[in-house]
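First the structure, which I've put down as C-alpha coordinates, then a few questions once you've had a look.
Chain naming follows the written order as A, B, C and D, and within any one chain the residues start at number 1.
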Amino acid sequence: MFCKETIIRVRYAETDRMGYVYYGNYATYFEVGRVETLRALGITYKSLEDEGIMLPVLELQTKYFLPAHYDDELIIKTTIPVMPSVRIKFEYETWRGDQQLNSAWTELVFVNRQTGKPVKCPDHITDSLKKYFP
Amino acid sequence: MFCKETIIRVRYAETDRMGYVYYGNYATYFEVGRVETLRALGITYKSLEDEGIMLPVLELQTKYFLPAHYDDELIIKTTIPVMPSVRIKFEYETWRGDQQLNSAWTELVFVNRQTGKPVKCPDHITDSLKKYFP
Amino acid sequence: MFCKETIIRVRYAETDRMGYVYYGNYATYFEVGRVETLRALGITYKSLEDEGIMLPVLELQTKYFLPAHYDDELIIKTTIPVMPSVRIKFEYETWRGDQQLNSAWTELVFVNRQTGKPVKCPDHITDSLKKYFP
Amino acid sequence: MFCKETIIRVRYAETDRMGYVYYGNYATYFEVGRVETLRALGITYKSLEDEGIMLPVLELQTKYFLPAHYDDELIIKTTIPVMPSVRIKFEYETWRGDQQLNSAWTELVFVNRQTGKPVKCPDHITDSLKKYFP
(Lines give C-alpha, C1' and ligand atoms only; values in the text may rest on other atoms or scores of the structure.)
Protein backbone atom coordinates (compact mmCIF):
# COMPACT_ATOMS: atom_id res chain seq x y z
CA MET A 1 0.00 0.00 0.00
CA PHE A 2 1.32 3.42 -0.96
CA CYS A 3 -0.36 6.66 0.14
CA LYS A 4 0.08 10.32 -0.74
CA GLU A 5 -1.74 13.47 0.34
CA THR A 6 -2.27 16.29 -2.15
CA ILE A 7 -3.67 19.70 -1.28
CA ILE A 8 -6.11 21.38 -3.66
CA ARG A 9 -7.67 24.82 -3.23
CA VAL A 10 -11.22 25.00 -4.64
CA ARG A 11 -11.47 27.42 -7.58
CA TYR A 12 -14.49 29.61 -8.26
CA ALA A 13 -14.83 27.95 -11.67
CA GLU A 14 -15.34 24.61 -9.93
CA THR A 15 -18.35 25.70 -7.85
CA ASP A 16 -21.94 25.56 -9.04
CA ARG A 17 -25.05 27.59 -8.24
CA MET A 18 -25.67 25.49 -5.10
CA GLY A 19 -22.36 27.02 -3.90
CA TYR A 20 -20.79 23.55 -3.87
CA VAL A 21 -17.99 22.00 -5.89
CA TYR A 22 -19.80 20.48 -8.88
CA TYR A 23 -19.95 16.70 -8.40
CA GLY A 24 -18.19 16.03 -11.69
CA ASN A 25 -15.15 18.14 -10.78
CA TYR A 26 -13.92 15.63 -8.19
CA ALA A 27 -12.84 13.42 -11.09
CA THR A 28 -10.30 16.15 -11.87
CA TYR A 29 -9.21 16.36 -8.23
CA PHE A 30 -8.72 12.58 -8.21
CA GLU A 31 -6.66 12.86 -11.41
CA VAL A 32 -4.41 15.37 -9.63
CA GLY A 33 -4.29 13.01 -6.64
CA ARG A 34 -3.13 10.03 -8.67
CA VAL A 35 -0.65 12.04 -10.77
CA GLU A 36 0.96 13.43 -7.62
CA THR A 37 0.97 9.94 -6.09
CA LEU A 38 2.90 8.63 -9.10
CA ARG A 39 5.22 11.65 -8.94
CA ALA A 40 5.95 10.87 -5.29
CA LEU A 41 7.14 7.46 -6.56
CA GLY A 42 9.41 9.13 -9.10
CA ILE A 43 7.05 8.52 -12.04
CA THR A 44 5.62 11.31 -14.16
CA TYR A 45 2.45 10.39 -15.96
CA LYS A 46 3.56 12.60 -18.83
CA SER A 47 6.75 10.55 -19.40
CA LEU A 48 4.61 7.41 -19.33
CA GLU A 49 2.60 8.79 -22.26
CA ASP A 50 5.82 9.84 -23.97
CA GLU A 51 6.98 6.18 -23.67
CA GLY A 52 3.83 5.21 -25.57
CA ILE A 53 1.67 4.05 -22.66
CA MET A 54 -1.74 5.51 -21.97
CA LEU A 55 -3.73 4.97 -18.82
CA PRO A 56 -7.45 5.39 -19.57
CA VAL A 57 -9.98 5.05 -16.75
CA LEU A 58 -12.13 1.88 -16.78
CA GLU A 59 -14.26 2.59 -13.75
CA LEU A 60 -15.02 5.40 -11.32
CA GLN A 61 -17.05 5.14 -8.15
CA THR A 62 -17.70 8.06 -5.83
CA LYS A 63 -19.73 8.37 -2.64
CA TYR A 64 -20.44 11.95 -1.58
CA PHE A 65 -20.91 12.65 2.15
CA LEU A 66 -20.49 16.43 2.42
CA PRO A 67 -20.04 19.23 -0.11
CA ALA A 68 -16.88 21.27 -0.55
CA HIS A 69 -17.19 25.04 -0.89
CA TYR A 70 -15.38 27.81 -2.69
CA ASP A 71 -11.82 28.47 -1.46
CA ASP A 72 -11.78 25.34 0.75
CA GLU A 73 -8.37 23.78 1.14
CA LEU A 74 -8.97 20.11 0.45
CA ILE A 75 -6.72 17.14 1.13
CA ILE A 76 -6.93 14.38 -1.45
CA LYS A 77 -5.66 11.20 0.22
CA THR A 78 -4.73 8.81 -2.57
CA THR A 79 -3.82 5.17 -2.06
CA ILE A 80 -2.52 2.44 -4.35
CA PRO A 81 -4.02 -0.49 -2.45
CA VAL A 82 -2.69 -3.41 -4.51
CA MET A 83 0.33 -4.05 -6.70
CA PRO A 84 -0.66 -3.05 -10.25
CA SER A 85 -0.64 -5.60 -13.08
CA VAL A 86 -2.38 -4.77 -16.35
CA ARG A 87 -4.69 -2.61 -14.28
CA ILE A 88 -3.98 -0.14 -11.51
CA LYS A 89 -6.40 0.85 -8.79
CA PHE A 90 -6.39 4.14 -6.91
CA GLU A 91 -8.51 4.91 -3.86
CA TYR A 92 -9.29 8.48 -2.86
CA GLU A 93 -10.64 10.31 0.15
CA THR A 94 -11.33 14.04 0.14
CA TRP A 95 -10.93 15.74 3.50
CA ARG A 96 -11.43 19.30 4.73
CA GLY A 97 -9.67 19.47 8.09
CA ASP A 98 -11.04 16.51 10.06
CA GLN A 99 -14.19 16.14 7.93
CA GLN A 100 -14.27 13.51 5.22
CA LEU A 101 -16.24 14.85 2.24
CA ASN A 102 -16.25 11.80 -0.01
CA SER A 103 -14.57 8.53 -0.89
CA ALA A 104 -13.90 7.13 -4.33
CA TRP A 105 -11.87 4.73 -6.39
CA THR A 106 -10.85 4.35 -9.99
CA GLU A 107 -9.49 1.47 -11.99
CA LEU A 108 -7.26 2.28 -14.96
CA VAL A 109 -5.62 0.07 -17.56
CA PHE A 110 -2.15 0.30 -19.09
CA VAL A 111 -2.59 0.52 -22.87
CA ASN A 112 -0.03 0.53 -25.68
CA ARG A 113 -0.68 3.73 -27.61
CA GLN A 114 0.20 2.19 -30.99
CA THR A 115 -1.72 -1.08 -30.75
CA GLY A 116 -4.48 0.08 -28.40
CA LYS A 117 -3.98 -3.20 -26.52
CA PRO A 118 -3.64 -3.61 -22.75
CA VAL A 119 -0.07 -4.14 -21.54
CA LYS A 120 1.60 -5.06 -18.26
CA CYS A 121 2.45 -2.29 -15.81
CA PRO A 122 5.95 -1.03 -16.79
CA ASP A 123 8.79 -2.51 -14.69
CA HIS A 124 9.98 0.85 -13.39
CA ILE A 125 6.59 1.36 -11.76
CA THR A 126 6.41 -2.08 -10.13
CA ASP A 127 10.06 -1.65 -9.05
CA SER A 128 9.35 1.64 -7.35
CA LEU A 129 6.29 0.16 -5.62
CA LYS A 130 7.90 -3.13 -4.46
CA LYS A 131 8.99 -1.94 -1.04
CA TYR A 132 5.45 -0.81 -0.19
CA PHE A 133 4.01 -4.28 -0.92
CA PRO A 134 6.27 -6.62 1.04
CA MET B 1 -39.59 2.76 -15.54
CA PHE B 2 -39.25 5.98 -17.49
CA CYS B 3 -36.65 6.49 -20.25
CA LYS B 4 -35.49 9.45 -22.30
CA GLU B 5 -32.80 9.86 -24.94
CA THR B 6 -30.79 13.07 -25.13
CA ILE B 7 -28.34 13.94 -27.89
CA ILE B 8 -25.07 15.68 -27.03
CA ARG B 9 -22.41 16.81 -29.48
CA VAL B 10 -18.87 16.53 -28.03
CA ARG B 11 -17.21 19.93 -27.68
CA TYR B 12 -13.49 20.54 -28.23
CA ALA B 13 -13.24 21.84 -24.65
CA GLU B 14 -14.39 18.42 -23.42
CA THR B 15 -11.59 16.43 -25.07
CA ASP B 16 -8.20 15.79 -23.54
CA ARG B 17 -4.74 15.23 -25.00
CA MET B 18 -5.53 11.54 -25.59
CA GLY B 19 -8.13 12.89 -28.04
CA TYR B 20 -10.90 11.41 -25.88
CA VAL B 21 -13.70 13.00 -23.90
CA TYR B 22 -12.14 13.50 -20.45
CA TYR B 23 -13.55 10.86 -18.09
CA GLY B 24 -14.85 13.47 -15.64
CA ASN B 25 -16.94 15.25 -18.28
CA TYR B 26 -19.45 12.43 -18.51
CA ALA B 27 -20.80 13.57 -15.14
CA THR B 28 -21.91 16.73 -16.97
CA TYR B 29 -23.44 14.70 -19.81
CA PHE B 30 -25.35 12.63 -17.23
CA GLU B 31 -26.55 15.86 -15.59
CA VAL B 32 -27.92 16.96 -18.98
CA GLY B 33 -29.46 13.51 -19.38
CA ARG B 34 -31.33 13.61 -16.09
CA VAL B 35 -32.43 17.25 -16.47
CA GLU B 36 -33.89 16.48 -19.91
CA THR B 37 -35.51 13.33 -18.50
CA LEU B 38 -37.24 15.42 -15.84
CA ARG B 39 -38.21 18.02 -18.48
CA ALA B 40 -39.80 15.25 -20.56
CA LEU B 41 -41.98 14.59 -17.49
CA GLY B 42 -42.96 18.26 -17.29
CA ILE B 43 -40.55 19.04 -14.44
CA THR B 44 -37.82 21.64 -14.71
CA TYR B 45 -34.99 21.14 -12.28
CA LYS B 46 -34.65 24.91 -12.05
CA SER B 47 -38.22 25.33 -10.78
CA LEU B 48 -37.52 22.58 -8.25
CA GLU B 49 -34.67 24.68 -6.84
CA ASP B 50 -36.89 27.76 -6.95
CA GLU B 51 -39.43 25.83 -4.79
CA GLY B 52 -36.62 25.37 -2.25
CA ILE B 53 -35.61 21.81 -3.08
CA MET B 54 -32.07 20.84 -3.97
CA LEU B 55 -31.02 17.53 -5.42
CA PRO B 56 -27.36 16.86 -4.57
CA VAL B 57 -25.69 13.70 -5.83
CA LEU B 58 -24.95 11.02 -3.22
CA GLU B 59 -23.28 8.47 -5.42
CA LEU B 60 -21.91 8.11 -8.93
CA GLN B 61 -20.71 4.93 -10.59
CA THR B 62 -19.39 4.79 -14.13
CA LYS B 63 -17.98 1.93 -16.21
CA TYR B 64 -16.14 3.05 -19.34
CA PHE B 65 -16.08 0.66 -22.33
CA LEU B 66 -15.03 2.86 -25.25
CA PRO B 67 -13.91 6.48 -25.56
CA ALA B 68 -15.90 9.23 -27.25
CA HIS B 69 -14.09 11.58 -29.61
CA TYR B 70 -14.35 15.20 -30.64
CA ASP B 71 -17.54 16.10 -32.56
CA ASP B 72 -19.16 12.72 -31.89
CA GLU B 73 -22.91 12.82 -31.63
CA LEU B 74 -23.68 10.90 -28.47
CA ILE B 75 -26.98 9.55 -27.22
CA ILE B 76 -27.42 9.64 -23.46
CA LYS B 77 -30.10 7.07 -22.59
CA THR B 78 -31.39 7.97 -19.14
CA THR B 79 -33.71 5.81 -17.09
CA ILE B 80 -35.55 6.31 -13.82
CA PRO B 81 -35.68 2.63 -12.80
CA VAL B 82 -37.65 2.87 -9.54
CA MET B 83 -40.26 5.20 -8.10
CA PRO B 84 -38.36 7.92 -6.19
CA SER B 85 -38.92 8.42 -2.46
CA VAL B 86 -36.44 10.54 -0.48
CA ARG B 87 -33.88 9.47 -3.03
CA ILE B 88 -34.01 9.25 -6.80
CA LYS B 89 -31.92 6.98 -8.97
CA PHE B 90 -30.97 7.61 -12.57
CA GLU B 91 -29.28 5.08 -14.86
CA TYR B 92 -27.35 6.21 -17.93
CA GLU B 93 -25.94 4.65 -21.06
CA THR B 94 -23.86 6.60 -23.56
CA TRP B 95 -24.14 5.40 -27.14
CA ARG B 96 -22.52 6.44 -30.42
CA GLY B 97 -24.59 4.85 -33.15
CA ASP B 98 -24.84 1.19 -32.19
CA GLN B 99 -21.78 1.24 -29.92
CA GLN B 100 -22.26 1.57 -26.18
CA LEU B 101 -19.47 3.70 -24.74
CA ASN B 102 -20.25 3.47 -21.03
CA SER B 103 -22.88 2.80 -18.41
CA ALA B 104 -23.43 4.66 -15.17
CA TRP B 105 -25.86 5.47 -12.42
CA THR B 106 -26.31 8.19 -9.84
CA GLU B 107 -28.32 8.41 -6.68
CA LEU B 108 -29.52 11.84 -5.57
CA VAL B 109 -31.41 13.00 -2.51
CA PHE B 110 -34.21 15.57 -2.22
CA VAL B 111 -33.09 18.19 0.31
CA ASN B 112 -34.93 21.17 1.78
CA ARG B 113 -32.78 24.19 0.97
CA GLN B 114 -33.61 26.00 4.23
CA THR B 115 -33.17 23.16 6.69
CA GLY B 116 -30.61 21.13 4.75
CA LYS B 117 -32.68 18.04 5.69
CA PRO B 118 -33.77 15.26 3.32
CA VAL B 119 -37.41 15.48 2.24
CA LYS B 120 -39.84 13.27 0.33
CA CYS B 121 -39.95 13.51 -3.44
CA PRO B 122 -42.47 16.30 -4.27
CA ASP B 123 -45.97 15.04 -5.14
CA HIS B 124 -45.99 16.59 -8.62
CA ILE B 125 -42.99 14.41 -9.51
CA THR B 126 -44.44 11.17 -8.18
CA ASP B 127 -47.75 12.08 -9.84
CA SER B 128 -46.13 12.56 -13.24
CA LEU B 129 -44.23 9.26 -12.84
CA LYS B 130 -47.16 7.13 -11.61
CA LYS B 131 -48.28 5.85 -14.98
CA TYR B 132 -44.79 4.52 -15.76
CA PHE B 133 -44.70 2.43 -12.57
CA PRO B 134 -48.01 0.55 -12.66
CA MET C 1 -20.26 38.46 -44.05
CA PHE C 2 -21.66 35.10 -42.98
CA CYS C 3 -23.83 34.65 -39.87
CA LYS C 4 -25.19 31.66 -37.99
CA GLU C 5 -27.25 31.31 -34.83
CA THR C 6 -26.62 28.42 -32.46
CA ILE C 7 -28.76 27.59 -29.45
CA ILE C 8 -27.10 26.46 -26.21
CA ARG C 9 -28.87 25.46 -23.02
CA VAL C 10 -26.88 26.40 -19.87
CA ARG C 11 -25.76 23.34 -17.90
CA TYR C 12 -25.56 23.22 -14.11
CA ALA C 13 -21.84 22.42 -14.38
CA GLU C 14 -21.34 25.74 -16.15
CA THR C 15 -22.76 27.90 -13.36
CA ASP C 16 -20.78 29.22 -10.41
CA ARG C 17 -21.68 30.09 -6.84
CA MET C 18 -22.92 33.54 -7.94
CA GLY C 19 -25.57 31.55 -9.84
CA TYR C 20 -24.17 32.85 -13.13
CA VAL C 21 -22.47 31.11 -16.04
CA TYR C 22 -18.77 31.26 -15.11
CA TYR C 23 -17.12 33.94 -17.26
CA GLY C 24 -14.56 31.48 -18.67
CA ASN C 25 -17.24 29.11 -19.98
CA TYR C 26 -18.32 31.50 -22.74
CA ALA C 27 -15.09 30.58 -24.55
CA THR C 28 -16.60 27.10 -24.91
CA TYR C 29 -19.93 28.52 -26.10
CA PHE C 30 -18.05 30.59 -28.70
CA GLU C 31 -16.19 27.44 -29.79
CA VAL C 32 -19.56 25.76 -30.36
CA GLY C 33 -20.72 28.88 -32.20
CA ARG C 34 -17.81 28.90 -34.63
CA VAL C 35 -17.86 25.13 -35.18
CA GLU C 36 -21.56 25.25 -36.04
CA THR C 37 -20.94 28.28 -38.27
CA LEU C 38 -18.34 26.30 -40.21
CA ARG C 39 -20.70 23.29 -40.34
CA ALA C 40 -23.41 25.54 -41.84
CA LEU C 41 -20.88 26.23 -44.62
CA GLY C 42 -20.33 22.51 -45.16
CA ILE C 43 -17.03 22.42 -43.27
CA THR C 44 -16.43 20.25 -40.23
CA TYR C 45 -13.64 21.45 -38.00
CA LYS C 46 -12.81 17.83 -37.27
CA SER C 47 -12.12 17.04 -40.95
CA LEU C 48 -9.93 20.15 -41.07
CA GLU C 49 -7.77 18.67 -38.30
CA ASP C 50 -7.83 15.31 -40.09
CA GLU C 51 -6.42 17.10 -43.18
CA GLY C 52 -3.53 18.26 -41.00
CA ILE C 53 -4.68 21.80 -40.29
CA MET C 54 -5.10 23.15 -36.76
CA LEU C 55 -6.81 26.39 -35.87
CA PRO C 56 -5.43 27.67 -32.56
CA VAL C 57 -6.84 30.87 -31.07
CA LEU C 58 -4.56 33.93 -31.17
CA GLU C 59 -6.78 36.42 -29.43
CA LEU C 60 -10.03 36.53 -27.47
CA GLN C 61 -11.89 39.63 -26.37
CA THR C 62 -15.14 39.53 -24.43
CA LYS C 63 -17.33 42.30 -23.00
CA TYR C 64 -19.89 41.09 -20.47
CA PHE C 65 -23.14 43.08 -20.14
CA LEU C 66 -25.49 40.72 -18.30
CA PRO C 67 -25.07 37.29 -16.71
CA ALA C 68 -26.66 34.09 -18.00
CA HIS C 69 -28.33 31.77 -15.50
CA TYR C 70 -28.84 28.04 -15.14
CA ASP C 71 -31.13 26.46 -17.75
CA ASP C 72 -31.24 29.65 -19.87
CA GLU C 73 -31.64 29.03 -23.57
CA LEU C 74 -28.95 31.19 -25.15
CA ILE C 75 -28.52 32.18 -28.77
CA ILE C 76 -24.90 32.49 -29.90
CA LYS C 77 -24.90 34.72 -32.99
CA THR C 78 -21.62 34.07 -34.79
CA THR C 79 -20.34 36.12 -37.70
CA ILE C 80 -17.39 35.74 -40.05
CA PRO C 81 -16.95 39.46 -40.79
CA VAL C 82 -14.10 39.33 -43.31
CA MET C 83 -12.80 36.83 -45.84
CA PRO C 84 -10.23 34.66 -44.04
CA SER C 85 -6.61 34.55 -45.23
CA VAL C 86 -3.95 33.06 -42.94
CA ARG C 87 -6.15 34.18 -40.06
CA ILE C 88 -9.88 33.91 -39.54
CA LYS C 89 -11.94 36.19 -37.34
CA PHE C 90 -15.20 35.28 -35.66
CA GLU C 91 -17.49 37.73 -33.88
CA TYR C 92 -20.00 36.54 -31.28
CA GLU C 93 -23.03 37.89 -29.51
CA THR C 94 -24.83 35.97 -26.78
CA TRP C 95 -28.54 36.70 -26.51
CA ARG C 96 -31.31 35.50 -24.18
CA GLY C 97 -34.55 36.42 -25.89
CA ASP C 98 -34.19 40.12 -26.77
CA GLN C 99 -31.45 40.77 -24.19
CA GLN C 100 -27.83 40.83 -25.33
CA LEU C 101 -25.65 39.32 -22.62
CA ASN C 102 -22.19 39.87 -24.12
CA SER C 103 -20.19 40.48 -27.26
CA ALA C 104 -16.87 38.95 -28.19
CA TRP C 105 -14.48 38.15 -30.98
CA THR C 106 -11.66 35.71 -31.58
CA GLU C 107 -8.88 35.58 -34.11
CA LEU C 108 -7.53 32.16 -35.08
CA VAL C 109 -4.70 31.13 -37.36
CA PHE C 110 -4.52 28.23 -39.83
CA VAL C 111 -1.48 26.12 -38.89
CA ASN C 112 0.08 23.10 -40.60
CA ARG C 113 0.10 20.37 -38.00
CA GLN C 114 3.39 18.87 -39.19
CA THR C 115 5.45 22.02 -39.56
CA GLY C 116 3.69 24.15 -36.97
CA LYS C 117 3.81 27.00 -39.52
CA PRO C 118 0.90 29.28 -40.49
CA VAL C 119 -0.74 28.40 -43.80
CA LYS C 120 -3.33 30.00 -46.07
CA CYS C 121 -7.00 29.28 -45.44
CA PRO C 122 -7.83 26.08 -47.41
CA ASP C 123 -9.46 26.71 -50.79
CA HIS C 124 -12.62 24.76 -49.96
CA ILE C 125 -13.31 27.22 -47.14
CA THR C 126 -12.72 30.36 -49.20
CA ASP C 127 -14.80 28.79 -51.99
CA SER C 128 -17.73 28.14 -49.70
CA LEU C 129 -17.51 31.71 -48.33
CA LYS C 130 -17.11 33.53 -51.65
CA LYS C 131 -20.78 34.21 -52.27
CA TYR C 132 -21.12 35.91 -48.88
CA PHE C 133 -18.31 38.37 -49.66
CA PRO C 134 -19.23 39.73 -53.09
CA MET D 1 1.31 48.75 -8.81
CA PHE D 2 1.08 45.46 -6.94
CA CYS D 3 2.34 42.15 -8.40
CA LYS D 4 2.09 38.53 -7.37
CA GLU D 5 3.27 35.29 -8.96
CA THR D 6 1.18 32.16 -8.65
CA ILE D 7 2.27 28.71 -9.77
CA ILE D 8 -0.22 26.41 -11.49
CA ARG D 9 0.43 22.86 -12.68
CA VAL D 10 -1.54 21.99 -15.84
CA ARG D 11 -4.08 19.23 -15.23
CA TYR D 12 -4.96 16.56 -17.79
CA ALA D 13 -8.59 17.73 -17.68
CA GLU D 14 -7.46 21.15 -18.89
CA THR D 15 -5.79 19.91 -22.08
CA ASP D 16 -7.59 19.38 -25.38
CA ARG D 17 -7.05 17.05 -28.30
CA MET D 18 -4.40 19.39 -29.77
CA GLY D 19 -2.45 18.51 -26.60
CA TYR D 20 -2.66 22.15 -25.50
CA VAL D 21 -4.36 23.82 -22.57
CA TYR D 22 -7.80 24.69 -23.96
CA TYR D 23 -7.91 28.44 -24.64
CA GLY D 24 -10.91 28.97 -22.37
CA ASN D 25 -9.19 27.44 -19.34
CA TYR D 26 -6.83 30.38 -18.94
CA ALA D 27 -9.79 32.36 -17.60
CA THR D 28 -9.71 29.95 -14.64
CA TYR D 29 -5.94 30.34 -14.25
CA PHE D 30 -6.39 34.13 -14.24
CA GLU D 31 -9.10 33.77 -11.58
CA VAL D 32 -6.62 31.84 -9.43
CA GLY D 33 -4.02 34.54 -10.17
CA ARG D 34 -6.24 37.39 -9.01
CA VAL D 35 -7.57 35.53 -5.96
CA GLU D 36 -4.02 34.77 -4.81
CA THR D 37 -3.02 38.39 -5.53
CA LEU D 38 -5.81 39.59 -3.24
CA ARG D 39 -4.82 36.97 -0.63
CA ALA D 40 -1.23 38.30 -0.72
CA LEU D 41 -2.77 41.64 0.29
CA GLY D 42 -4.64 40.04 3.17
CA ILE D 43 -7.98 39.95 1.37
CA THR D 44 -9.89 36.75 0.72
CA TYR D 45 -12.33 36.97 -2.14
CA LYS D 46 -14.61 34.62 -0.24
CA SER D 47 -14.93 37.01 2.73
CA LEU D 48 -15.67 39.80 0.26
CA GLU D 49 -18.68 37.80 -0.98
CA ASP D 50 -19.63 37.04 2.62
CA GLU D 51 -19.67 40.84 3.25
CA GLY D 52 -22.20 41.10 0.42
CA ILE D 53 -19.91 42.26 -2.36
CA MET D 54 -19.62 40.42 -5.67
CA LEU D 55 -16.97 41.05 -8.27
CA PRO D 56 -18.28 40.01 -11.69
CA VAL D 57 -16.03 40.32 -14.73
CA LEU D 58 -16.89 43.10 -17.20
CA GLU D 59 -14.19 42.50 -19.76
CA LEU D 60 -11.56 39.91 -20.64
CA GLN D 61 -8.84 40.26 -23.26
CA THR D 62 -6.28 37.56 -23.98
CA LYS D 63 -3.47 37.36 -26.53
CA TYR D 64 -2.05 33.87 -26.98
CA PHE D 65 1.61 33.55 -28.07
CA LEU D 66 2.49 29.94 -27.26
CA PRO D 67 0.51 26.93 -26.00
CA ALA D 68 0.92 25.33 -22.59
CA HIS D 69 1.11 21.55 -22.38
CA TYR D 70 0.06 18.89 -19.92
CA ASP D 71 1.97 18.90 -16.62
CA ASP D 72 3.67 22.24 -17.37
CA GLU D 73 4.41 24.31 -14.32
CA LEU D 74 3.11 27.75 -15.22
CA ILE D 75 3.72 31.07 -13.51
CA ILE D 76 0.76 33.44 -13.57
CA LYS D 77 2.15 36.95 -13.02
CA THR D 78 -0.76 39.10 -11.88
CA THR D 79 -0.63 42.86 -11.52
CA ILE D 80 -3.05 45.44 -10.15
CA PRO D 81 -1.87 48.35 -12.32
CA VAL D 82 -4.07 51.15 -10.99
CA MET D 83 -5.77 51.95 -7.70
CA PRO D 84 -9.26 50.39 -7.88
CA SER D 85 -12.37 52.56 -7.61
CA VAL D 86 -15.76 51.09 -8.58
CA ARG D 87 -13.82 48.89 -10.97
CA ILE D 88 -10.64 46.90 -10.51
CA LYS D 89 -8.26 45.92 -13.27
CA PHE D 90 -5.95 42.92 -13.23
CA GLU D 91 -3.23 42.24 -15.79
CA TYR D 92 -1.86 38.73 -16.31
CA GLU D 93 1.10 37.10 -17.97
CA THR D 94 1.51 33.34 -18.19
CA TRP D 95 5.10 32.14 -18.22
CA ARG D 96 6.74 28.70 -18.53
CA GLY D 97 10.32 29.20 -17.44
CA ASP D 98 11.58 32.14 -19.49
CA GLN D 99 8.91 31.79 -22.21
CA GLN D 100 5.87 34.04 -22.08
CA LEU D 101 2.83 32.09 -23.27
CA ASN D 102 0.19 34.81 -23.22
CA SER D 103 -0.86 38.16 -21.81
CA ALA D 104 -4.30 39.20 -20.67
CA TRP D 105 -6.30 41.61 -18.60
CA THR D 106 -9.70 41.67 -16.95
CA GLU D 107 -11.81 44.47 -15.60
CA LEU D 108 -14.21 43.65 -12.77
CA VAL D 109 -16.79 45.74 -10.94
CA PHE D 110 -17.64 45.81 -7.23
CA VAL D 111 -21.37 45.08 -6.91
CA ASN D 112 -23.66 45.12 -3.87
CA ARG D 113 -25.19 41.66 -3.74
CA GLN D 114 -28.55 42.88 -2.43
CA THR D 115 -29.14 45.83 -4.73
CA GLY D 116 -27.15 44.58 -7.72
CA LYS D 117 -25.72 48.11 -8.00
CA PRO D 118 -22.04 49.02 -8.45
CA VAL D 119 -20.31 50.20 -5.26
CA LYS D 120 -16.96 51.73 -4.37
CA CYS D 121 -14.04 49.43 -3.68
CA PRO D 122 -14.18 48.59 0.07
CA ASP D 123 -11.87 50.73 2.26
CA HIS D 124 -9.91 47.74 3.57
CA ILE D 125 -8.83 46.95 0.02
CA THR D 126 -7.78 50.49 -0.87
CA ASP D 127 -6.04 50.74 2.52
CA SER D 128 -4.02 47.59 1.90
CA LEU D 129 -3.07 48.82 -1.59
CA LYS D 130 -2.14 52.42 -0.65
CA LYS D 131 1.54 51.82 -0.08
CA TYR D 132 1.92 50.30 -3.55
CA PHE D 133 0.46 53.42 -5.22
CA PRO D 134 2.43 56.27 -3.67
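The criterion applied here is as follows: contacts are C-beta pairs under 8 Å (C-beta built on N, C-alpha and C of every residue); 3 or more make two chains touch, one makes a residue touch a chain.
Note that the structure is predicted; figures quoted are calculated from it, not measured.
*Asks:* Greatest Cα-centroid separation from chain C: which chain?
*Replies:* A
*Asks:* What rotation angle takes the CA atoms of chain A onto those of chain D? Round to the nearest 5 degrees.
*Replies:* Superposing the C-alpha atoms of chain A on chain D needs a rotation of 180 degrees.
*Asks:* Taking all residue numbers at the chain A/chain B interface, are over half used by both copies (same) or under half (different)?
*Replies:* Since more than half of the residue numbers are used by both chains, the interface counts as same.
*Asks:* How big is the gap, in whole Å, between where the Cα atoms of chain B centre and where those of chain C centre?
*Replies:* Centres of chain B and chain C (C-alpha means) sit 28 Å apart.
*Asks:* Can you give the whole-Å distance between the Cα centres of chain A and chain B?
*Replies:* Chain A and chain B have C-alpha centres separated by 24 Å.
*Asks:* Centroid of chain B to centroid of chain D, CA atoms only: how many Å?
*Replies:* 34
*Asks:* Can you list the residues of chain B that touch 2 or more other chains?
*Replies:* Expected reply: 12-13, 17-18, 22, 24-25, 27-28, 31, 49, 70.
*Asks:* Which residues of chain A touch chain C once you look at their complex with the stated criterion?
*Replies:* Touching chain C: residues 12-13, 15-19, 22, 24, 69-70 of chain A.
*Asks:* Which residues, counting only chain D, touch chain A once they are in their complex?
*Replies:* By the definition above, chain D touches chain A via 9, 11-13, 27-28, 31-32, 35, 44-46, 49, 70-71.
*Asks:* If we count contacts the way the header does, which residues on chain D are in touch with chain C in the complex?
*Replies:* 17-18, 20, 22-28, 31, 49, 54, 56-64, 67
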